[in-house]
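These are the structures, in structure tokens.
In what comes next, chain A is part of two complexes: it sits with chain B in the first one and with chain C in the second one.
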Partner chain A sequence: MLRSWKDLDHFQEFIDSGGIVEPGDDMPDEYRSEVFRFIEFHANSELMGGLTERDWIPKTPGLRLKQIFLAKTQDEIGHAHLLYMVAADMGVKSRNQMIEELFAGKSRFHNVFHYQAVTWADQVAIAFLVDAAAFASQRAVFAQCTYGPYKRVLKRIVAEEGFHLRHGEDMLMSLAEGSPIQHQMFQEALERWWWPAVQLFGPDSDPADPLLKWKIKSERNEVLRMAYIQKFVPLLQGYGFKIPDDELRYDEASKKWLTSEIDWEPLKATMRNGGPDSRRRIANASANWSETRWVRDALDAAADNQSKNAAADGLARSAGTAA
Partner chain B sequence: MRTYEVFLKRAGKEEFRHAGALDAPDDDMARLLARESYVRRGEGSLMWLVARANIVEGDSDFLEPNFDKPHRHNDGSNIAARRKRQRSAASADTEPSA
Partner chain C sequence: MTSELSPAAADYLLAFADDEHMIGARHTAWIGMGPFLEEDLAFCSIAQDELGHAVALYEFLTDDVDRFALLRKPQEYRSCAFAELECGDWVDALVRHWLYDRAEQLRWEALSGSANQSISEVAVRAEREESFHRAHAESFMSRISASNDTSSISKLSEAIVRLLPVAQGIWQPSDREEEAIREGFATASSASMAQSWNSMIQEDLLRWGLDIDVSSSTGALGSRTERSQGFERLLASLQEVINIDPATAW
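Moving on to the complex of A and B:
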């Protein structure tokens, strides 16, 4: 063990003085389980998001966009890899266990991956609106993040999400400035995705949220959500789209865009895996896991061979010394 | 399956830095997986992969005896004080007498 703390107060002191926790540390059980749950959720979301994008590769229009979507899918699956690795190293669940629970519908992942992408414009809305919401919340985690291995992989995840976002706005721009049909297509997608994107930040933070106290989250949900709304309302309006909220208004006194009251029921349903498309998404991902079993088996067999060869090699060498 | 730690070095003077870890059956596969998940946009021009099982670790207890060895340091304050004394003596000598 590298370091240990007498009690939670000493641990808090360490966190408050800028301490970073490493995997070998004897961290408090509460910290270990909360941080693990958070990273597992993030890993699941990257995997489910990557698989959604993969579905659209054959339907993506044009070679250039297809290449972009291929690379993005690789990025997202890569993020899942890195995060599952970090999560598994916390010693709570193995990577296989996490994957199996996810595909058995026992785990949670981001609300936005519980909906169906109906048209290409939905895919653009996901690539821009939804990715931007996820990006804002990840950046807020990266800003402090007291768990060292998570912070280090977040660095590259945040960098890559930055590229995705620029691709996303490029695609949005082509629809916005395209034909009236393209413009209308995105307007309809916006109507499906605006609220899920806003809800991604979650309801107002509980002031006692341990993830805030331990500086995994650096900002409260409502602050991030409000900042997102301030940025995206004028941006989408600037492209000539209408936000699907009749009560949306600009408050002169606070100089802020205010939305109607947010209904949190849809978010809660997705957290029970009871969203509109949850069942199909999970079944698809699970089928994909079975179809790719041969790859994992081949890798395991290669690993077995490798260790057998190494053992045989060792024997031969020691026999050589004896002779 | 073996776990490997990934270290990357950017072109130029910067040192190798830890980037993350991955599981692979052998060294060749580890190299390939590392390139595809850690060096997607030129994050390094050199890469080290180290099987985690081969890392020799020294923990805080082991390093602790060297935390407090003042005789291994010298902040140069004695010499600096002497030089300061000499400077003020020299400037006193060259001051024009009244």
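Moving on to the complex of A and C:
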């Protein structure tokens, strides 16, 4: 069903009355472009997140645990796969174009995946702290999301991320309640990952953010960030960890945990692909993409040959029938 | 779950379990390194299955799978060099996956007829999963072969010729294989399975139009009591985290 709107005001009325946009609709260019950009960013982040975690999978200290981390990475890459298809259907860029731009360092992805996991505890910090931050933002998008295909894919992603989070908390508990060495490992990882996780939500939302207006985002960045801090400060402290923020305090008046002023420079650097590990991450992915080009080309050639053979068979059969 | 196994049966299973563990461990290196996303997903799934098979087999041998799987000395492992091999190129990983999974088919079939009901049940279940692995390998090998692209076909053929001799090492029997067969635990010797395997892969190659004579590929079987070059590095990597605090649960 092709639906169209006379102007942006009518489109806004449709959105405000709970309307859901579908790919066949004649959606406003501004909406198409903003929603595409958002989904592409999400897809890139799922893929680069999966690649971050892969580094530690071979060293996982247990076989069943290794299967679990493999399944988790499979989920993350699977999410990227689904999201790239949703984004490609919007007709702005093909999936290949998005991936090639990502590996050429021309696209953006979440700040947290511009850092290297330097110990096993970092892998746990990603599974717990980072996934929880990403889960909170995804859930907030799913809550109202007005783009139908994205909302449907998010339903699955949010459900799977819920499992990841429970697994992340199990992993955290095993280090928190384990030996002093394990406890110290996570403390050190927390010092590396706390601020990137908090920064993941982004600076305070611009009141004119079109993604809020069009109900792709259901909540402002600062609200989600504050909720995350309220949940994770007491939780981490309860496990005996120290949050790496000397000015962190509990404000009795507002009954809230307040952090020191957030330095947004590290986030901005990652958005320019200038984070601590951005160059290595992108270069590795790009090198692999180039090295395996011949496989993609060979499979395309095989598919072309199959089509030609099928067409030739069809012609031969027609000729046979005619004769 | 450990069950009462004769020493010969335990020895037989250890070789297979270590092969499954090492191939699963090696497969994990290829996640995120495939030619496209669907392939990364497939390798994730295959690696999980192989590790799951290793766990299922180790459970016959120990009550503490993780410590047994990860914390033995190098000389206590019984995997073959082919499973331990580090593949430097994705096409090698693909070819190994095809050759290994063809052999795995025969090895599970041999155990599905075991007089030991528990191992027979594991074998039937594992072989069902393996049929998907073979379909995956077949889809790539056949399509690359059908590309009519000389350079791609050469890459694939060279990898096959390079890996076939090492792959023969899968058929190095465990020390007490004959005894395990006499006991009815296993139903086929490595030598007879090697023959069937050679025929199977030759048929695959013919079907794909690849002109490679399997019978001309002779490789030393190697020994399951000697570790291949690179194994110690692999094991050190597998043990890196657990060795930080080996007395603790992770």
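Heads up, the rule we're going with is that the second predicted complex is superposed on the first by the 300 of 323 C-alpha atoms of A that agree within 3 Å, B and C clash if a C-alpha of one lies under 4 Å from a C-alpha of the other, contacts with A are read in each partner's own complex, and residues count from 1 in each chain.
Note that in this section contacts are C-beta pairs under 8 Å (C-beta built on N, C-alpha and C of every residue); 3 or more make two chains touch, one makes a residue touch a chain.
What you see is a predicted model, and the numbers here were worked out from it, not measured in a lab.
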{"item": "Partner chain in contact with A:L2 - chain B first, chain C second, else both or neither", "value": "first"}
{"item": "Superposition-derived comparison: chain B or chain C, residues of chain A touched", "value": "C"}
{"item": "Partner chain in contact with A:R280 - chain B first, chain C second, else both or neither", "value": "neither"}
{"item": "Which of chain B and chain C A:G78 touches, first, second, both or neither", "value": "both"}
{"item": "Touching partner for A:L65 - first (chain B), second (chain C), both, neither", "value": "second"}
{"item": "Contacts of A:Q306 with chain B and chain C, given as first, second, both or neither", "value": "both"}
{"item": "Partner chain in contact with A:R249 - chain B first, chain C second, else both or neither", "value": "neither"}
{"item": "Contact residues of chain A, present in both the chain B and the chain C interface", "value": "74, 78, 81, 299, 302-303, 306"}
{"item": "Chain A-facing residues of chain C, complex", "value": "21, 24-25, 28-29, 31-38, 40-41, 44-45, 47-48, 51-52, 54-55, 58, 65-66, 69-70, 89-91, 140, 143-144, 146-149, 151-152, 155, 237-238, 240-242, 244-245, 247-250"}
{"item": "List of chain B residues in touch with chain A within their complex", "value": "1-2, 18-26, 29, 36-38, 40-41, 43, 57, 59-60"}
{"item": "Touch list for chain A against partner chain B, complex", "value": "1-3, 24, 74-75, 78, 81-82, 85-86, 89, 95, 149, 152-153, 156, 159-160, 163, 299-300, 302-303, 306"}
{"item": "Residues of chain A that touch chain C when the two form their complex", "value": "47, 50-51, 54, 56-67, 70-71, 73-74, 77-78, 80-81, 84, 120, 174, 178-179, 181-182, 185, 285, 288, 291-299, 301-303, 305-306"}
